[in-house]
Each structure stands twice: as structure tokens, then as C-alpha cells.
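Worksheet for the structure shown next.
When the chains are written out, they are named A, B, C and D in that same order, and each has its own residue count from 1.
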Amino acid sequence: MTDLRTIPVVAAGEERPSGGQGNLLARVFDELTAFCRSRSLFMLHYCTGCGAVELPPAMTSRFDMERLGIQPMVTPRQADILLVTGYVSTKTLKRIILTYEQMNSPKYVIGICSCTVNGGMYWQSYATAKKLNDYLPVDMYIAGCMPRPEAVISGLRELIANIRAGRSDYWRDYYRRYDHYLGNQQRLFGENWQTPTDVIAEARHYGLFGPETLGEHTALLEQHQTPLQPFEMRLGLKQDKGSSS
Amino acid sequence: MTPTDAPGHDVTTTLDFLLQEVDGLRTRWVAPRRLRVDLPAETLPALLELLKGRAGYVHLSAISCVDWPDDGQFELVYHTWSYELNVLVMAHIRIPRDPGVYLSIYDLYRPAAFFERDIHEMFGLWFEGSPDMGKFILTEWEGPPPMRKEFDGEAWVMEQFGWQEYRPEWLTEIEAKGGGISKRPEQLRGDKGEDGTA
Amino acid sequence: MRPENYQAVSHPPSHEYEVFFGPNHPGIEGNYALKVRLHGDEVTAARADGGYLHRGFEKLMEGRLWIQNIALVPRICVPDPVPMEVCYSLAIEALGGLEVPERAQWIRVMQLELSRIAAHLFTFGGNAATTGMYTPMFWGIADRDLILDLFEELSGGRVYHIYNIPGGVRRDLPEGYLKRVSDTLDYIESRLPDYDNLMFTNQVFVRRATGVGIMTQEQALDWGVTGPNLRATGLPFDVRRDDPYLIYDQLEFDVPVEEAGDAWARTLVRRAELKQSLRILRQVVARLPEIDGPIRAPIPNPLAWNLPLGDVYTRVESSKGELAYYVVSNGGDKPWRVHVRGPSAMHAVQVLEHLVTGARIEDVAQIMFSLDACPPEVDR
Amino acid sequence: MSDIDYKQRGSLLNPLRSLGFFGRPPVTQPLEPRPASINYRGFHLNDWEKCVGCGTCQKVCDNAAISMVHIPDLPADPAKGVRPERPAIDYGRCCWCGLCVDICPTGALALSREYVHTCVDADLSSYFILPDSHGIHGQPYEKGWAKTADADLISLLREPMPELEPEQRIENFDEIVGGYDPQQALLEASRCVQCGMCHDACPTHMHAPQYIRAIWEGKLEEAVGWIYQTNPFAHICGRVCTRRCETACSIGHRGEPIAIRWLKRYAMDAIPHERVKQIAAAGRCETPSGQRVAIVGAGPAGLTCAFDLAKQGHAVTVFEALSQPGGMTRWGIPEYRLPYDRIDRDIDVIQSLGVEIRCNTRIGSDITLEELHQQYDAVLIALGLQMGRGTRIPGSDHPQVRRAVDLLRQATAGEEFGTPQSAVVIGGGNVAMDIARTLARLQRQRFGTAQVTITALEELSHFLADPVEIKEAHEEGITILPARGPREVVVEDGNLVGLATWRVTSIFDEQGRFSPTYDQEDAQIHTAEMVVEAIGQMSDTGLLGDELTERLAWNRGRLQVDSDGRTSEAWLWAAGDMVRGPDVVSAVADGHRVAASIHAALSAAKEQNP
């Protein structure tokens, strides 16, 4: 619940022209970008929780979200929207954060169902995270347990309108207040938590480096950070091949 | 196989007769198709072998674990079903909570591997001879086995997480007039049954 | 952006590699993962990775009143929630000695079968989509939505009905409801030839599904597989018929079986089961108006309701197989222990790992969907 | 088993038949949200007129989504069970199960057919809603899931109380109410939703939710402990309390309130007397304070005060004019409502704490207040209302015109007062019912038949008496004539022959003052040998003595006391019916209040002169 517009950007590097100033051509170009962005959104195909069961109806013939220019997309790299459908268990939340960091900006997070807001009906569960916006900036919430496809579509239309009007840029908040988000992540996942994406470098790169990008939590991260190794998967099989044949 | 027939006299006698072969059993028909068997932990493999071999109990429906901290015991319930007799046998055993070790029945029933691993994760029970006691569900969990009664999940959550601090306009208005939230739901759970001079 | 200290490592040349199949993957049903080791496109080893949907239901239920849990249980299997509600309610009724009125039992059967049809239509869609055919998915989901509309009218919720309560159901049928059920059944029945054309006689699908993920009856019994997956290996076992609950013993229906035990056989069993569900529903629609009476046995104030000491194991046949609840009461107002035996716990872990091993990577999704695995049942 | 022969018929071209679907209308719905079904479980609606702020929704909510919000603008009425609180719903927790709707005791909550709410992160506070009847966005949506008889989770009917049938009871003074057995008590206790309205309404704020819960849990000793925390007249209040708690009970809005009084009675009867004494003594101060308190009047107020002060270590002496303690509960309430052995038990508990009760000691004649003032550190007068008021109608000075309180006292004492063959009672309160029913019993015992008529100014629906009393009086063959005003007592040849009455047209004037008007056309004479006035009581303050009466401050004929019961004299407190009006449980409450004040004063005095 932070109005990110109140957080100053003191980053080195290019300063993004804010709307209204700049030359006419840039303004037209910005408008065009916003229009195109809002009309072509790819939603990451990841069913994180039970609300996902209302997405197939929303995607297919009956409620047909393709009318809005929204389609599911299988890879995070090409997706614009991360739809967090309900409760996020700690295990899933790690994957969500990894996924989110892999997505290209601008990216939008939608939290649907009660659980993403305040724990929902799993508020007393040891296994789920309670407030999604502690870990990721969230652009849009859709209420319901679970929201009907119509409600999902209403939320998506709202998001489209916000993108079109240039209002939905919560993703920048992740860079500007990375320390805050990282702190909450560390609190949940332990001090050694580390993702393969270098968010701080990205913040510098995009010119979104803010006074709260770095802090005690990022300092802790740097202390623990180990060089990224190629991931070695261990299937954990008893016998090396063919667990049961 | 005549599955639609209710278990008749002969089925119950067959089972009752068969179960006489194992010592130390207490059997009770709790419903027409439900036979409860209480037995000492060490006789369970013999019972299951008997049921599987002689009465067609090839289906292990579930292994349930119940924590009885006051008795210092875990209760393990093996629910087995015979496709021939169409009767569910629930074998109840109790094992001491400490050290909480029991034998795996994986060599008799392969589904046991899933249930035993699950019980190991949730209750911390160890099954000797089970093929895989590695973590499956709680890979990111470092706390105590959560299903044990002494683990108070709600208290843990209250300590670990914060809640949304909503500031809606209506609440501000009411607070300006001297009102406000008089009882939060979390509070309600805290003082249940204690001094309630509300 | 990669960290500055990232250093590329050159891998030794190999045909073997290990990949994550899920949790973020369109070929996975729900939020679940498989880690697979490949040799070329052949899977040489696989390991299921669950727990993404773990919410600790069993712990949560120990902290809530008997009746509060009815809101919790449908979440354990999202595509097919009614059996969860009914099975939990049956357990409470058995513990508390409640006699469910006959009308409520018939209404429950109606819901169970509607839910089964909805779940099977959903699975057809997913199953076809794994072979690249998206039209059955669009059809299946749109037709399933008609059943969700029926549920919405009955219970006020599309997916989570929370309509069954210990003692019976929460509302009587709305005016003219059975007529609308009947119309929907007519419609779905009229659509079956379309599905046959598109999917069940479609050689593309048939050839992709035949011989994939074969499981013999012996193996199925060995692994504790139940439900359509077991029936696809030739064993006609159905909890509804062989351990009857509610009023299933008053209904006429067949237990369809197939012999082959492959993905195609499993799909065919579901198709035949959908027809049987329609048949059951026709009987329910015909009989229900004659059955009058209350829809709920009186229950005490839910805030002060102790169930007597005891334990009970109730089973129902869900669209995935044998669903069971083991409920223990220590005489208190909350469950002492609830153990949910989700049918998918069997076929989504050990069986899936086994069937996938030796298969080709493109068949993995097909195998998972043909088994109709429901990850939240595994994770709970 | 398969009925499709796919091996033969299957063709790669089969799916092409589906191309025909191009010609069919699409199933796609418009983008705007569809209207939801009639039972839809959407956002909450709350009818603030009906909602009483009981918080039951909060208790049943499995998701801890409901907070109770105190709203100062709303009316508060503890006596009617209305709290200025309303539920606020956290849609970050809610799962729309509708249990709150199904359990709502008043039927105020419902779910609407509205289901779309979206917001950006900065507006997340819009997830916390104080629902009213307008919907969360102020848009008119109809009710969806609302209360129906099918889905009601509240059990509206009370466990029936076994009672003596009229024919079994009309000739004797046996207790009418049988009391619950354990199973009934458990079922009745289980109906409680623990809202605490009873606690708020009770003059002495008894912990009714706690003891009801304890009864339900089978912890009867705990229940007795809760009862004794606020009320040493536990047996008595378990039988004859005016039970304001049950008026306030949330369940009573649509059904029968919890039988709180009978549950208290059940708990008290279930525990052995000796154990009750131990429980009551819990928390007693073991070191005597060395200070002495005199209490005048062994009624509920005086003895409650004595109980509290004795527990705090003071030496308490109670002076009672009559032969046995108990005050009005003994001398005013007939035995069929309150058996004397129950009064004895309550008093025995109080005495077991060391309270000394001196009966047959009348202030003014046996000992004066001034003497008490000299001998004790503090004095409480709890005289009660022992004198009946008269109607002052013509003929009311006849000896056969009696006052109800006097007759009741004589009946308790077993004195002969000349039971008449027929009697008319004037008054519509509980005392009128008591004397009428007592007289009827005595008549039946003596003459075999009863003839008692009650005349009262009020319409039946406005009688001050408990409806149960009225019903039982009817059952016992007593004629009740509402809206009859007494005109005169008819006396012929010195013998009383009856009471003449008029029909009442109104009781109060436009300013709301008591000023009855009568329809003089409609006059009746009710023949009787005796007329009993039961129109109210007053206190006999003559025993204060002229000098003290002069010094004390008075207010409209009542002794003036501060909120703690202290009079204008620093050493003198007053409590009970003489201050508050007639009601057992109010007297108990007053006793506690005064005891606290006396204890504070004594402690302060001790600090000053150790």
C-alpha cells in the first residue's frame, strides 16, 4: 500500500521523461507505446493456487479473454502479466519470485482471491505466505474466493485501462524498494536467500535506482551471495536409474 | 465376485475365523463393512500378511497417523480393503512417541511408501525399511514436524507474519468520533474460555 | 539480468540432461512438478516434486470447529469439490450419529454426479490439449460451465459450493431447478457425438494416446491405484457400487471397464463414466420430486457442538478415484485429527514417476492428464 | 465395454465435421459481468436496523475475517440487547461461505449478488468493508444468499422445562418448576452463542456466557465459580430472578431466549452444598482487617454486601427484624416459586464466610442506629420495601382490605389471617400474582374451591407481571380482569361485599404523568370477602429516628445516595430496594456496589490511622 509516486528517484543514468514534458514526438511515441502495451498482454501460464480453476473458463470460449488481447504465455520471459491465483505456499512463492524476476519489464502482477491480500482462509496456516505485496509489488487485486471469470475479466480491463493511462507501473517499485521486498523474502526464506537475477544491477541499468534499493537486507545478500553456479539437479533417486521398473 | 451383496454372515465369519490365527487381536465390527482391529504393534506385519495372502486384502487404502501426546503415543491406522470380501479392515496400533520408530510395510504394500514418507514429514515418525524418507511436500520447511500436537501453527503464524493494516475512510471517520475496532478476530481466538469480562 | 559475478561453465558433451517439468509448465496439471532426466527425448528417470499447493489442511482443520471445516474441505480438490464436502459430512454424520434425510441424500447424489461430469469434461479438455488439440478444451470447458451455472443457482457459488453440511444440505432446490438440470443433461448428451467426432474417433488423438503410459492390472493393484485408472486395467471396482453410500444402492448404473490400461483406455473409461453419470442423473431427476421431507437433520449450535469420542473412515468415489477421510474426535468441538486420502496421492506420485520413466518427453503431459492427477489432493 | 468402435470408424478426417460449428451462434458471453443467481454468495449486506452487534458472525467465521467495530453514533441499549457495534468484513480473509449469514441470530446479515471488486495496491483499504444495506459500492444489488429456515444454524426453540400441571399444583405450595436434567441442561447450554448481551443487561453483570459455556463443557464447579463471582444469591436468582438477561438474549430476537435462569439453577442444584461453600469462599482474604460493619436488613442487598465485605476480611454483623433472614425473597415470594430450603442454602453460604446475622433485632426498638454508629466502623441500611401502598379509594380503610405484602409475610410465617372464600386483588404486578395464587391455594386447601379475581389498570399486554406468572395464574383458575380501575370498596352493614371498578380509558395523561381516566358507563362490582391491595410498596424509614432523618438528604421521599450508595452521612450507606426499587438482582448489584464503596472507605481509614 505504498504510493510509489512519492518515492523519489535519484538514480544515475537516464532520467525517464515524465508525461507532458518532452517533445511532441516523444509524447506521441509514449502514447503509442501505452496503447500497444495495453492491447497486447501475455499472461503467464502458471496455476499457483486454486483460483486458477476459473482461468480456463476465462480464457476459453465462454468468457474469452482474447477479446481483450490477452493470451496465456508459457514462458516468463515473454509474459507481461503474472497472475497469482490465490494462496501462495512458501514453496510456490520462491518460484513466483524467481519467475517474476525473469519477466521483462514492464510487468504486471495481479493478485486474485482473498489469500493474496491478507492470508485468506489459510491465515493460520504455517505453509502459506500471507501478504503478497510484502514480496512483490502488486498492480491489481481482484476480490473473491475465488473471483468468477467475469470478475477476473473486469480486473483485467481495469488493468488495461491503467496501463493505457500510464498509471500501472508498480513494477518500478520492486527496483526502488528492493531492500524492502528482499527483507521480507529473507525473513521467510532465510538469510541465504538468493535469486539468479541481479536486481540491483537491473535497477541501475533501468535508472530506477532509489534510496531504498539498497539497505541492510541487500547488504546481507551481498555478504552471503555465492557466485551463480550452473544448477545441478539432483533427482534424489535411490538407485541412479529407474526408481521402479 | 458378487460385489453388490452386502457382507453376509459368511463374510464376517470368514474374517473372524481367519483373524483368530493372530494372537492379541481385539476385533470389533463398527459398521457393516468396517472391521476395526486393535493389536500390538509387533503383530501388525503378521496380520497384514495374513489378510493379504488369505483374504484378498491387496489394497492399502491409507495409513493414518494420530498423535496422542497425553498418552505419549502415536496411533497408526492401516486401512486395507479386499476386492474379494468388500470389507475394510482398519488395523490400529500404538507406538511410543519417543523414539517414534516403526517398521515399513513397503514390501507388502507399495503405496505405503507415500504414506510413510508423508507421516515422516508431518509427524517425524521414522519407518525402517521404507524406500524413501526424503522430503517431498515440506522441502522448504525447517520447523518441527507440523502435525505434531505440540506445534501450535497459529501461534507460529502470529509470530512470523504481519497482517494488512487497512485504513479505510469509514474507519477514520468512526475513530474521529471516538469509536473504532472493538474486537479483532485474532483477539477473539486468544481469549476463548478465559476471563471474558467483555 | 545475470549477476556480474556470473561465469558461464562449459558442460561436457552429453545426451543426458535433467529438466524441470513444471511447476510453471502448460503440460502440468495444476501447480506440480516433475524433475525428469532425459536421454535424447526419452525419459530415463523422473521424480515427482509436490508441496507447491501445501496449505496444511489437516493442521488447519484441527484448529476449526466441526462445521467451519466445511468451508475448507472443497479446496482440497478444486476441479471436483463436491466429493470432498460429502465425504467430510459423511464422516461427521457417522461420528455424531446424524441421520441424513432421504431428500438430502438424493440432492447429494445429484451434486456428486454433476460434479463428476464437470470434472471429466475438464479432464477431456486438458487431455486433448496435451496432444495439441485445443478445440475439445474449449468445448469441454464451455460445457462444464453450464454445470457450474447449475451449481451457482443451487449453492450460490460456481466452484466452491459449500453446500453440503453435516446433517444434509444447506438449501432446498430452487423452483424449476430439476427442469434446468434436465435441459442441461439433454444438451450435454446431444454434444457427445460432437466430442466423439472431434476426439474419441479422431485418429490423431487415438494414436497419440494408444500404448502410452501402460499399466497392467497387477501393477495398478500393486500401487493402490483406484478409480477410472484402475477400471482402465479391467477391474470393475467402484466405491459407489461396492461400498455403497448415500442412496447409490437404489440407482442403476454400470461400472465401465477397459482392458488396455493405457492413456487411451483411461480416456475411454471416463467417457463411458460420463454417460453413466448422465444415466444416474436422469434417475435422480425423475425420482427427486417424489421424495419430500426435510433437507437437513437438526444439528446443534455449531459454536457448541461436541462430537462423541471415536473415529471413522468414510470413502466416496470421486472423479479421480477412491477418496477417503479418516476423522478422529476426542469428544471436543474440533476434530482431533483429519486425514485426507486423496485418490491422486497414489497415481500422481509413484505411478506417475513410473509411467513417465521410459516414455518420451512429449508424452509426459499426456500421461499426467490421462491419469487425471489432482495435485492439491497430494499436497493438502 | 466401449461403445465406440474407433478402430474401424476412426478417420483422420473426422474432426473436419466440426467445421459445421462455424454456422452456429457463439457461446461467448458479453464482457460486462452477468447478473448472478438468486442464491449467489457475493459481498455482504447488513441491515443495521436489525443488527444488534452481538458478534456471533465473528465467532462462526472460520477465517477470522470479521472485526467488530464500535460506532458511537448508533443507539446502545443493553437492556434490550443492542450494542452499538457492527461487523466489518476483511475481504482479504473472507471465503464467502455464508456461515455468518446462516448463524446471524437476528437475520440482519445477507450476501448480495454483487461480485466484482478490483483495486490497485494503493487502495487496498477498500478490502476492509463495513457492510450496510447499500452494498460495498453503493450500487443496488439484490440479496443473494440470505437467511432461510432451512439454513438457519440457530436453534430457536428452548429445551422444554418440566413443570407441574395445574391440577397437580393448585392445592399445594410445591415448587412448580422441575429443573433440567443433565441432558436438557447440556442441550440448552449448547444453544448459547456467547454474545454476552446477557452480561451487559444484567444489573450485577453476571458472567452468564462463561457459566453457560462451563455447563456445556460439563464443568459444573467452574460454572458455580463464575456465578459466585458476581452473585451470592445464586439459588434464589436461579429461580426467581427477573432475568433481564433473557430479554437481552440475541437468540430471543427470532426465537426463544436461552433459559439462562434455569441453567444457573441447574448448576447450583447439581453441586453439593458443602462444595458450593468452598467455591464461594475462593479468593477470601485470610487476614482480618479488624474493622466492623453493621448491616441493617438481611435481604439480598444487605447480605450481598455482607458477603463481599466478609470476603475482604471485615467483621460483619447483620441485624434483621424478622425471625429469619432473606428479606423479601423469603417473606414476599411464595414457596411454590422459591422453596425456603434454597434460601437457607444461599444464606448458609454467606454465613459460612463468618457473617453474623442477628434476627429478631429491630432497629429503633432493640438497638438504635446511633448505637450502631458508635460501635461499628460503617453502617449500611438495606431496609427493603416492606410496607404496602394503599389505593385510598372509598372504603379502603375497612379491616378486610389488606395489603399484599402483609398477607404474604403472614402466609410465610404460617400465621392465620382469615383466608376469605373469595377475594379481589388490585394490581397487575408480580406481587399481585403472588398473593392471588397464594390465596387461591389456601382457599383450595380450606374450602376446596378458589375464587380470586385480579383487577388491574393496564391492558393485559402491558401488565408489569412476568408473562409466565400471568399464564400460570390463568391455569390455576384465577380470573384476571385487565383495564379495570378501582372505584370503591363496597361495604354493606359493616361487611365487605366486594369491589366496584370502572373500565380504564387511559392511564397516563399527555405529559406522561400517572392520571387514570375511567369510562363511568362501564362499572362493575366484583363480589368478594376480602380486597387485597397489591399496587406497590414503600420503605419504613421511621426507624431512622427523627434526628437522623432530619440530618439526611432526601429526594422525593427516597433517601438520597451517591452512585456508590453512600448517604450524606459519611458513616452511613443505603442499598437495595429502598434505593433502587424492587428487584432481587438489582439489589444484589447494589450490594456489590456498596460493599466496594465501604471497603474503599474502610481501607482509606485504615491507611490514615493504622
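Heads up, the rule we're going with is that contacts are C-beta pairs under 8 Å (C-beta built on N, C-alpha and C of every residue); 3 or more make two chains touch, one makes a residue touch a chain.
Note that this is a predicted model, so its numbers are computed, not measured.
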Contact-richer chain pair [A-C vs B-D]
A-C
In terms of Cα-based centroids, which chain occupies the most central position?
B
How many angstrom lie between the CA centroids of chain A and chain C, rounded to a whole number?
31
Return the distance between the CA-based centres of chain B and chain D, expressed in whole Å.
47
Taking each chain's mean CA coordinate, chain C and chain D are separated, in whole Å, by 54
Centroid spacing, where centroids are CA-atom means, of chain A and chain B in whole angstrom:
37
Residues of chain C that contact two or more other chains, please.
51, 54, 56, 59-60, 63, 71-72, 142, 160, 350, 379
Please output the residue numbers of chain B that touch at least 2 other chains, ranges allowed.
138-140, 146, 153-154, 164
Among the residues of chain D, which are close enough to touch at least two other chains?
27, 59, 62-65, 90, 92-93, 95-96, 124-125, 127, 213
Work through the pairs of chains, note which ones touch, and then classify the graph as line, ring, star, complete or other.
complete
Per the contact definition, I'd like the list of chain A residues that touch chain C in the complex.
44-50, 52-54, 56-57, 60-62, 72, 74, 76, 87, 89, 91-92, 95, 99, 121-122, 124-128, 145-146, 148, 196-198, 201-202, 205, 225, 227-230, 233, 235-237, 240-245
Residues of chain C defined as touching chain A within the complex:
1-7, 9, 11, 18-20, 23-26, 30-31, 35, 37, 44-47, 51-56, 59-60, 63, 71-72, 75, 78-79, 122, 125, 137-139, 141-142, 144-145, 148, 158-160, 350, 353-354, 357-358, 376, 379
Show me the residue ranges of chain D that touch chain A in the complex, using the header's touch definition.
26-29, 31-34, 43, 62-65, 90-96, 115-122, 124-125, 127
Complex contacts: residues of chain B adjacent to chain A:
131-132, 134, 138-143, 146, 151, 153-154, 156-157, 160-165
Chain A residues touching chain D - in the complex, by the definition given at the top:
1-3, 61-64, 67-68, 114, 116-121, 123-124, 133, 137-145, 147-148, 150-151, 153-155, 157-158, 162, 167-168, 170
